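For clarity, chains are labelled A, B, C and D in written order, and residue numbers in each chain start from 1.
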Amino acid sequence: MTGVKIATIGGGSSYTPELMEGFIKRYEELPIREIWLVDVEAGREKLEIVGAMAQRMWDASPYKVKVHLTMDRKEALQGADFVTTQFRVGLLEARIKDERIPAYYGMLGQETNGAGGMFKAFRTIPVILDIVEDMKRYCPDAWLVNFANPSGMVTEAVVRYGKWDKVIGLCNVPVMATMLEPGLIGKETDELIYKFAGLNHFHWHKVADNHGQDVTLDLIDKMYQEDNGLPKNIYDIPFERDLLEQMKMIPCAYHRYYYQEEEMLAHALEEYQTIGTRGQQVKQTENELFELYKDPNLNYKPEQLLQRGGAYYSDAACETIASIYANKETQIVVSTKNEGAVPDLPADCVVEVTAYIGAQGARNVAFGPLPTAERGWLQVMKAMELLTIEAAVTGDYGTALQAFTLNPLIVSGATGKRVMDELFIAHKEFLPNFAETIAKLEAEGVTVQDEIARDLSLVTAG
Amino acid sequence: MTGVKIATIGGGSSYTPELMEGFIKRYEELPIREIWLVDVEAGREKLEIVGAMAQRMWDASPYKVKVHLTMDRKEALQGADFVTTQFRVGLLEARIKDERIPAYYGMLGQETNGAGGMFKAFRTIPVILDIVEDMKRYCPDAWLVNFANPSGMVTEAVVRYGKWDKVIGLCNVPVMATMLEPGLIGKETDELIYKFAGLNHFHWHKVADNHGQDVTLDLIDKMYQEDNGLPKNIYDIPFERDLLEQMKMIPCAYHRYYYQEEEMLAHALEEYQTIGTRGQQVKQTENELFELYKDPNLNYKPEQLLQRGGAYYSDAACETIASIYANKETQIVVSTKNEGAVPDLPADCVVEVTAYIGAQGARNVAFGPLPTAERGWLQVMKAMELLTIEAAVTGDYGTALQAFTLNPLIVSGATGKRVMDELFIAHKEFLPNFAETIAKLEAEGVTVQDEIARDLSLVTAG
Amino acid sequence: MTGVKIATIGGGSSYTPELMEGFIKRYEELPIREIWLVDVEAGREKLEIVGAMAQRMWDASPYKVKVHLTMDRKEALQGADFVTTQFRVGLLEARIKDERIPAYYGMLGQETNGAGGMFKAFRTIPVILDIVEDMKRYCPDAWLVNFANPSGMVTEAVVRYGKWDKVIGLCNVPVMATMLEPGLIGKETDELIYKFAGLNHFHWHKVADNHGQDVTLDLIDKMYQEDNGLPKNIYDIPFERDLLEQMKMIPCAYHRYYYQEEEMLAHALEEYQTIGTRGQQVKQTENELFELYKDPNLNYKPEQLLQRGGAYYSDAACETIASIYANKETQIVVSTKNEGAVPDLPADCVVEVTAYIGAQGARNVAFGPLPTAERGWLQVMKAMELLTIEAAVTGDYGTALQAFTLNPLIVSGATGKRVMDELFIAHKEFLPNFAETIAKLEAEGVTVQDEIARDLSLVTAG
Amino acid sequence: MTGVKIATIGGGSSYTPELMEGFIKRYEELPIREIWLVDVEAGREKLEIVGAMAQRMWDASPYKVKVHLTMDRKEALQGADFVTTQFRVGLLEARIKDERIPAYYGMLGQETNGAGGMFKAFRTIPVILDIVEDMKRYCPDAWLVNFANPSGMVTEAVVRYGKWDKVIGLCNVPVMATMLEPGLIGKETDELIYKFAGLNHFHWHKVADNHGQDVTLDLIDKMYQEDNGLPKNIYDIPFERDLLEQMKMIPCAYHRYYYQEEEMLAHALEEYQTIGTRGQQVKQTENELFELYKDPNLNYKPEQLLQRGGAYYSDAACETIASIYANKETQIVVSTKNEGAVPDLPADCVVEVTAYIGAQGARNVAFGPLPTAERGWLQVMKAMELLTIEAAVTGDYGTALQAFTLNPLIVSGATGKRVMDELFIAHKEFLPNFAETIAKLEAEGVTVQDEIARDLSLVTAG
């Protein structure tokens, strides 16, 4: 059988149209035969809406591609060439809990590598490991292209516990940096040389022009004069300039949580108390998107999706798949096994770095040692990630508490522990590995205090 | 000339009587010829009081030892065999500023490795490096035994920038652990086997009985039943038990600031608002001690010194000196060049570990890799230390800000930066390397907001 | 039951009397209840001779200790407190083959880490791993004290593949250095400070006097003036002096094979062609020893044993056992898990270093990074060891060939491979893991060319 | 001024025409303004011959480029954009000594990383460091593209001691592998994915097809059926197949010296005793080449240059320069600062790896940890290189002897030392850093024993 089979887990996601657009755009180099969108029963309605929309997009294209919808993951995986994962265990509702429960106690939820992100990892990792087991059986030669968040930890879990090396983790943050920054100094993207290193949502980069001259400080200079092109989902306050000039690198948008914790917390609490957390806002956007998707005449990705926050994720996924398939050696920033590229971290852990993507996956560009401060940040964050993943797999409460205590965004002590305990209660149904812990907490009478997190039917009211 | 010459920089310290007691106790193995107490002009009065007291102690002993008092460091260093350093640049007044300025903004000052400790490092490191230069000239074969805080960073600076390897950094925290813990399980100190690793005020330990059986968890168990023997200067709230059981090690008292940050901050702010910070309390104790020392009949270390907080520091120093002199191979926990003992950190940096102390200095016991969480903590703290030391030496503002931002006890953002800026202003006279930075801040109109930190004459009123 | 139970595997060894002497000497601190000497059927006669002798030694002492003889390892291990291993798979006959087959082709056999030592590892490792499995069942709390050679590789195999950490590997080479060197500069052993690092039969050391002054170069100087106290089994040619002065360390006697390969090879070939290899010489000595041991009046260790070559091995074993039992923290040079003590090698591999031996086993002294040349030697030798051990466990021919090719004492190419192939044939009965390889070689007609190695009955004639 | 200025040190080399051909071929992407060929007085005649030939080549091209000839390096460097180094200190005569003196004693000279290569390093490194100092002054923005051998050690010296990071070291061995291997399995070069790692003349590679499937073992299989495409200057005996199948990588041609030392030595000695060493053969070829070059009608690179042995070196240099200039990101295997690409070696040393070459120089592909055997080889060879370079810079005899002793191609002992001593005498005029050592050896009466090495006028007779 010729042509490529794609299986997309979490196919009912609002991002699926971007994914389709990306595949259609690249059809000549990536000749797709069939696409399987998989979702769980709870997401059936969305899957059907977005699936129909996806088929319309292909039908409007010059290419004959069948989009299959299924609740049966194994059927979708059977013989797949590429598996993409974009599922959200517990949907946006879970994210809202991740954000609101810490906020109730005056803390940052931060859904990627704060308290919220850690619980997202607790929910997601057992599922991705299940998927990997199925892949070993149904499509042992396939590549897994993950953009389920927290993308770095999920990729690390796949490599470390799933023992599956054919995986690439993606993120849209570097994409946006390389799209928006060059304009600041009057350049095109392909006139600059980028080098990224770090972890998912926690990387830095350096930029040079095409004569090899480092222009990082020039870019930093411009950033303080103009809009610096942040992802839509990050509150856009400026970094302390002395910090950036000392490191001579550009941090990623998410570094704000670490470098300007005070302001980011204040902003998060303000939203919590007024318009609702980012998850609540996204839910509104998503509802609107799905309304659009229902339109039987809509057969292209609507502009509004760009507002959603994760734009370019799916396009990066399509480019990654095309690069593997056609051995293109395109430069992409991915989560991948280190292999020495970031020598401050063990060679066998997952990092996010500039890589040339080809038929063998990622060929990481060796970044070399980081400066002292960034080395410290990197090492503490990787330790936090490893503990989080270990807790997700073992269900050990002490390990989870160690990860919480080590996480720079969480203030250690009784309240932090309380936040963790409430999150366990709140996500009970998606944390089977922690069943014993949760039973114990329930017996102790721990209950979720934030009203909305406890009763998500109130969200729409909010 | 036979007998040992000791030079003590910061000789006017209230700890000097403990040091004398330690030397008198060990005279048979460490035959001292003369002791030189050095201090700066501002400390002349204290030096004279404590110097007279020191001489009385020797006079009451069976040994003829002359205690010399001087403001001329070079005279004291000339031909010294051991140099001990216990000076405090800016005296207790500086510590009060270190504590109050952050507290004014609701932050922890923490005078060892928090914001306060970092400024203590900024003040102390240039002075210790000067002393090392003098030692190269006047006593190139001497050992430097440091207990000026922050002891770990000061020792690192001596090794890394002073290029002086004959240095041992001391701390009383491990001493107290090994004195107080055995009783919890009905043992004597010499019936247990201790192994410490980490950094100064940031180490963990494991304990086994003399059959080789690990008893760390038993000790942890007892700690939750009884008083766990903390240093007097640390607010004594219990660690989260799940944390300790997961790590299977005992953290040091100062780990409370990291593992129970919320409670430690609350306590510090409460003291700030009521009885005054720890520095203010100590100042009161010190005043009382010096009143006692003036008594011409007092010729022994008074009981009240134990209340001071740093008990056993000086005794550890005496034991270290005796062990080097007599090649005793006594087990002591010291700050020393790593050499691989803590493989999670570079071999050339300073760590705090169990060592056998003899004529060649420390023979570190290789601890082996730490568990994931502790490795993360250790690496981020060592990075913070290295940045702090680098800033102290270079006077670079950006480097100082990186260190501040990385420090887990400091909330990053505008307020944190403000705290740092006010501390620069407050300690202006002791920070010549930062002169340019301070001039700039003054031009910007930065002034200290806390009334007492601004006008220390108010302390006594407090 | 009070008192210690010792089980000695390879109890029929000629060294057993030294072991008994060591235990008798230390009885007051190591109260032994019973000793079990185990051997295989082929060694029954020797076991009976040496066992009777051992009992006579105890009977002549003030202590009532029963020496049990058995062929049943499990009975001996049951409830043992310490297990010592001194067995030789294939006896001295195997060693003679290890030496003669390479020598036939003009190569060094070198029975510790040359071609001979590698085959000794191939024979010994499967047996030691069997013993470890038995220990897990019959004496899970016991310590394993190994002096079966190649002691370092055997210890590494126990830790890495046996997953058994309660093991100490011993060697007499450092013992002899610390006994013989001090006299060269008019000192006693306890007036000097020793620090060893490296691998078994491949370590270096530094020496300081008890004022902390490095005296290594003085010792080197004296060594070129006087007899430098080598083990009896090493041909005593001087090291190139420039080499030692550059490294500022003293190599071990076995380093001659690496630093003076030409001369050591010439000497080995000369012996091969005249008086017979070292193994043949030792066999003669051993025969004489067993004749002595038969004397029913002999109840003490005879002087002649010192000529045997491995003197002090057994005494080091007794001291190690006593130090563990009584938590003595004696300084001994042992093979033990690195834990960072030699930072140029991974923390989880086995090294030979100075350690303080107590109830928890070895507390390694961190040696710090080695100079460039020694680092290179160390890393290549550890790689060779790891490959040899891996081949011993997996029986993989390619891995064995990689180890052979990497070994600095073996010239790579057709002859080296031929030597390896003949050694496989020669040791067929003791290499079950390599059965497939050996069958293939036999089918290809590989036969042993050296007459004596092929027919050991000719040895006595030699 | 537009266009690129190239300065070529050692411009009189017989390779220069290949370099010219490479530049002419790439003129459209690398618009050269002027080329400066520099040489020393002793090479004036050759420079003039090859310089005239070079100008004829340009004149026959569509491009106007002036080839300048000079003995004044500074004039050539002034404002250069790229400096290429292809000089041979002591010319081919020195190489002949490097080969013959060891051969006289039955040892391998091996002119790249054997005894000969080490002396080549001793001669070359002080000169390259001088050139770097001149570059700092006269063309501080230029790139240094080195193919003076031993290319890896020379590049390491430039980075480590010259503190000059804008350097790329080249080698033709990987070029030839990627040109010749694909044909063995019916592929084109661009249908395969190559990954190299190691050191210069000491690297391994893996190959995959453009579906990502590893085909290394298939290639190995074919190599045993067909001609395996070796460089002309390496005696072509097959590797032991079991070795290659175990490592699952393809070694480089020069690995024969390490993996098949016996046969390579035998072959070298046979040539030594018959047709003369490789250097002598090359000298003959070179003489013929220069005769050709004198032909005023020859204006293209003659076929015979391919026989010379170093073919494609110069073309690789041209491609490297064009890639830097035009930021092409071409994949080339180069000697470059590690930066983690080979995690078994320190991040700050020079390795030879696959890299993407662009305006910032090499972006190394992270290879990840090597298997045990190759890690051992790599670490010992890098240690040998570092010692050799250190000796070249310091002139320390003990360091040189350590390097000699560690080198796997040199048998340690009296003869090895004798070989080293004679090489010092033989190269006296080019080893100013070793003046003291050489004076001492002369005083001891060391003289070169090989007749031809002593009197090179005999070469032509040979």
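Quick notes on this one:
The working rule: contacts are C-beta pairs under 8 Å (C-beta built on N, C-alpha and C of every residue); 3 or more make two chains touch, one makes a residue touch a chain.
Predicted, not measured: the structure shown is a model, and the values here were computed from it.
As for how the two copies subunit B and subunit C face one another, over half of their interface residue numbers coincide.
Separating the centre of subunit C from that of subunit D, both taken as means of CA atoms, is a distance of 44 Å. Rounded to whole angstrom units, the spacing between the C-alpha centres of subunit B and subunit D is 55. Look at where the CA atoms of subunit B average out and do the same for subunit C: the two points lie 47 Å apart.
Looking at subunit C, no residue sits in touch with two or more other chains. Shown here, the protein chains touch around one cycle, each chain meeting exactly two partners.
Remark: the chains found to touch one another pair up as A-B, A-D, B-C, C-D. Residues of subunit A that touch subunit D in their complex: 193, 195, 208-212, 324, 327, 337-343, 347, 354, 356, 358-361, 363-369. Those residues of subunit D lying in contact with subunit C across their complex are 240, 242-243, 245-247, 258-264, 372-373, 375-377, 379-384, 386-387, 390, 396-399, 401-403, 405-406, 408, 411-417.
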